[in-house]
Amino acid sequence: MAKLDETAAGVYIISVTPFTDSGALDLDSTDRMVDFYMEQGVTGFTLLGMMGEAPKLTLAESRSFVKRVLARLNGKVPVVVGASSPGFASMAELTKAVMDDGAAGVMIAPPGTLKTDDQIVTYYENASEAIGAGTPFVVQDFPQSTNVHMAPSVIARIVKSLPSCVMLKHEDWPGLAKLSALRAMKDMRRISILVGNGGLFLPEEMERGADGAMTGFAYPEMMVGVVQAYQAGKPQRARDIFDAYLPLARYEQQPGPGLAIRKYVLQKRGVIASAALRKPGPKLSAVDIAEVETMIARQTRRLQEIG
Amino acid sequence: MAKLDETAAGVYIISVTPFTDSGALDLDSTDRMVDFYMEQGVTGFTLLGMMGEAPKLTLAESRSFVKRVLARLNGKVPVVVGASSPGFASMAELTKAVMDDGAAGVMIAPPGTLKTDDQIVTYYENASEAIGAGTPFVVQDFPQSTNVHMAPSVIARIVKSLPSCVMLKHEDWPGLAKLSALRAMKDMRRISILVGNGGLFLPEEMERGADGAMTGFAYPEMMVGVVQAYQAGKPQRARDIFDAYLPLARYEQQPGPGLAIRKYVLQKRGVIASAALRKPGPKLSAVDIAEVETMIARQTRRLQEIG
Amino acid sequence: MAKLDETAAGVYIISVTPFTDSGALDLDSTDRMVDFYMEQGVTGFTLLGMMGEAPKLTLAESRSFVKRVLARLNGKVPVVVGASSPGFASMAELTKAVMDDGAAGVMIAPPGTLKTDDQIVTYYENASEAIGAGTPFVVQDFPQSTNVHMAPSVIARIVKSLPSCVMLKHEDWPGLAKLSALRAMKDMRRISILVGNGGLFLPEEMERGADGAMTGFAYPEMMVGVVQAYQAGKPQRARDIFDAYLPLARYEQQPGPGLAIRKYVLQKRGVIASAALRKPGPKLSAVDIAEVETMIARQTRRLQEIG
Amino acid sequence: MAKLDETAAGVYIISVTPFTDSGALDLDSTDRMVDFYMEQGVTGFTLLGMMGEAPKLTLAESRSFVKRVLARLNGKVPVVVGASSPGFASMAELTKAVMDDGAAGVMIAPPGTLKTDDQIVTYYENASEAIGAGTPFVVQDFPQSTNVHMAPSVIARIVKSLPSCVMLKHEDWPGLAKLSALRAMKDMRRISILVGNGGLFLPEEMERGADGAMTGFAYPEMMVGVVQAYQAGKPQRARDIFDAYLPLARYEQQPGPGLAIRKYVLQKRGVIASAALRKPGPKLSAVDIAEVETMIARQTRRLQEIG
């Protein structure tokens, strides 16, 4: 499989990890899920992200899940695997395993202990050394979750220092000014920038130079539609699509119940057999479900109106 | 002026604090702003909130601004004043001053040093003692900003312990389950619950028992329209209004530039003379402004469509 | 091997994990270290704690290290293994492995996402379910590192809810009032309380009802001596010993370089072959080392004076 | 009064703020306290620091307290006033007032919202603009409390950018390597560095280039003695003094009850009439007091031994 590089674009779906109702890995649903995402037009996959319940898997389960996705995809699109870890030994162990199995690269979020600019740069240098200078990696910039704040100049230093840094997952909030600043940097190698945050700022981010999205909203057709409309030079069309999905996207982006909502919708759409999360994880109430159903009905109507 | 009590409902607008371009308090704009908010149908005011740049004012400026608003309103609707302070002496000093001038109550956010349930309850008991047991107050539950996390049982304990606690500003995120839990508590005195977060979850919050909103989106007609539609038993109408404003409301809710966007719109609408923030505060870029204008144009069109 | 229970007392040494200069696990040094700790009079071991560089080991390395210690000890004293993990599957996997190998119990620190009293109690209930109700465990209360703050009443709720909770590692700072409050709780099952923080408050903690220490200062004879003096009813003798070691204990307790200092001293004392830490970890400067040597010389002199 | 400059050295005592038992400012005790500190050999005062309960005072009380100290000192030694504030308007207001009254400079801690290196530098540039380029100021580097982490290079940038930055209050923990790094910077203007943290690392800090201490341990003779011994080239004598006071200094440095312990000792020594803290603040228990008394007795004995 080809390795990830700076030209990556489109929609890298942040995949959920399907479980059965009893909490076991559901590999049958995994196949169906891979097919579903491909049918929606995604251009890549990201496995074992935060919304993939990665920390709740054992190493053996993580490897088994990645293998299954890679087998089903059979090289059609690149797969990025989340390899963030409190220690470099575990990070290197998982990275080696998944790269050997055919992953295209790994994604690394910084640990919350990093405080100063220099500490952040040094951390990525150490991480790159641990996974090997030949392994392409994605910097995950998600301060709301990691509590690590990277100035644009810090990202530029990482990109300059490490040729294997080929992509930024841009998930700061607010991050629009940061994205503009990064794209305005004359002396920074152009890397791929895909955006997160459930796609809630996707139109503005595309206008400011993002190459696409890396997020997991249960309607991937939203991200695919918006990105393609921008690629086709149709910003108003992009916003029509975006606005139609926005009420539900906003609802799914709630930090606590968000993943339960996403899995509920994916189950409802026939993608996964069970909406179960592993503990600790919330359960949706009847009111939550009624709200989701109301929004889906309205969304369907609105999509028909815009054609 | 009547004091705040548990029956408060509708829209308490989180007022901005107008400055001139050079950073001085702009009391002329203050009058115009009061009139504007009243014309939009608000049922109360909240001054010196976080989005009112309260920490950037001296005590003398704070008092002068509150006096001006109270004079202009002349008792038409109640005014809540933010009195959060690192110390009880300053909290008591400001509270006494504004209550003497005619405020209806004060709002108090907890300091970030509070960690356990007991510490939070004790803090509000001390605060109530400091401002006087007869002064109605609002508990501001805004963990994203304060880093203090109040379980529903903690809020219930505060309400039980302190009769002068008459309102909750509900601004947890996610907070929908918390709101449902609070309204399901059989043995908790029913207090007013107004919601924040820029109104981004207003439909769901109204459905779960909120009495209205306390937030400051630059189109107060959104909050007023949604709350009135729910009061009239028209949830689909409420969502039509909400969805039309959502793209801009989402954009204005960005933590960093949000207030600059809000002031830009209020200036554009002729409410305040200058969009200036006091330092430290962001300035909008040309791209930011273009995005806002795009969204306002689309919003206007959509509002015409829904009638 | 007998399982850990509420009667545990004395000094459970927080063991370092020895590496070679190149960063490999050093199992020969492990044997020597076990013998050394036993000679100093420790009554138990704690492996894979934060100061054991646990997150820097792979699962296979962790198991190999625990096995080696258990084999060398051959049942002489109980061994507690740190099993904190971001997910219950990994926690259960490691716990089963080490308990099968002969560990006496596991220690669990709470994840930083827990905010309210109820969330903390629920977390330990879920953890106990994951590791099995028959597996004794230690609650690690170390808010400076975990950012989770447990009121005494929360600890009491955990103890009441879970019979397999047999010990508290008390490491709050300040924690003296908390320790007194716990021991004054009439209706709480008496569990073992061992204290951490490098032993920096050991005299006061013993006076307030601690059963001993669980910490890793490079001179375990300090903790052993202080605990035994208190057990013998000789508090002034305990403080004489404590005061003699305090300058170095204070120096070793520095959050960043602390472990490097500890390993330097253990290497100097002939316990481990290399003072190396795995990355990320600090290296001592010549000035650091000179300071340590100065303090050791003064400490030796002072110990001779007190006899 | 002369303004603060880069040559400042010795012991700037972090003064407590005396209250009566009922919580009123105690200006009589203030005079006595000023005299006491002077008799111990301090070379400067710092008022309204965190341990001066500054946030619990109204602006009027703050000014009144500063005036009283300045009047009593009558220019004998320089006075630094804590002017940290969430807003520049209040910071400027207090600074102007105290400088007009005769203070030598102000101390400014950064707000917890600052995350990146650039944000920290910009903040101090704005602060300096607010208080006036001619007003000497101290950068307070105290990340355990502020949650702002300044790399040595950031401090160097502030010193370079702002000639009125004449002193660093060094209170990082661990901070020894940082202090060495700062003194090794060839191209950084030499400013005064005084150290905090209750003096718990004073010997090592003096050896690494500190000019003295700025902290408030209830026995200022400890800091004065240690600093003078280093100035006289007698490091072993310095450590003898330090070690004698260390058990109590360690105890007083506890984050929660620390100030109550300090005030208890100052009351016991006849310096202030009441040990009362304003709410929220802890009260000492009988056990706390017994421990303090034990340590004072041992400390007295030890001081006699070392002569």
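To keep things simple, chains are lettered A, B, C and D as they appear, and every chain counts its residues starting from 1.
Convention: a residue touches a chain if its C-beta (ideal position, glycine included) is under 8 Å from a C-beta of that chain, and two chains touch if they have at least 3 such contacts.
Small disclaimer: the values here were computed from a predicted structure and weren't measured.
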TODO: Decide which interface, A-D or C-D, involves more C-beta pairs in contact, and give its chain pair.
DONE: C-D
Open item on the list: Quick check for the class: compute each chain's Cα centroid; which one is farthest from the centroid of chain A?
Closed with: D
Open item on the list: Based only on mean CA positions, could you tell me how far chain C sits from chain D in angstrom?
Closed with: 34
Open item on the list: I'd like to verify one number: the distance from the centre of chain B to the centre of chain D, where each centre is the average of its C-alpha atoms, in whole angstrom.
Closed with: 38
- [ ] Find the geometric centre of each of chain A and chain D from their Cα atoms only, then give the gap between the two centres in Å, rounded to an integer.
- [x] 47
Open item on the list: Please output the residue numbers of chain A that touch at least 2 other chains, ranges allowed.
Closed with: none
Open item on the list: Help me check something: in the complex, which residues belonging to chain B touch chain A?
Closed with: 173-174, 176-177, 180, 200-201, 204, 207-208, 239, 242-243, 246-247, 250-251, 254-258, 282, 285, 287-288, 291, 294, 298, 302
Open item on the list: Going by the contact rule set out above, which residues of chain A touch chain C in the complex?
Closed with: 53, 55-59, 61, 85-90, 93, 112, 122-123, 126, 130, 278-280
TODO: Under the touch definition given earlier, write down the residues of chain B that touch chain C in their complex.
DONE: 115-119, 143, 149-151, 153-154
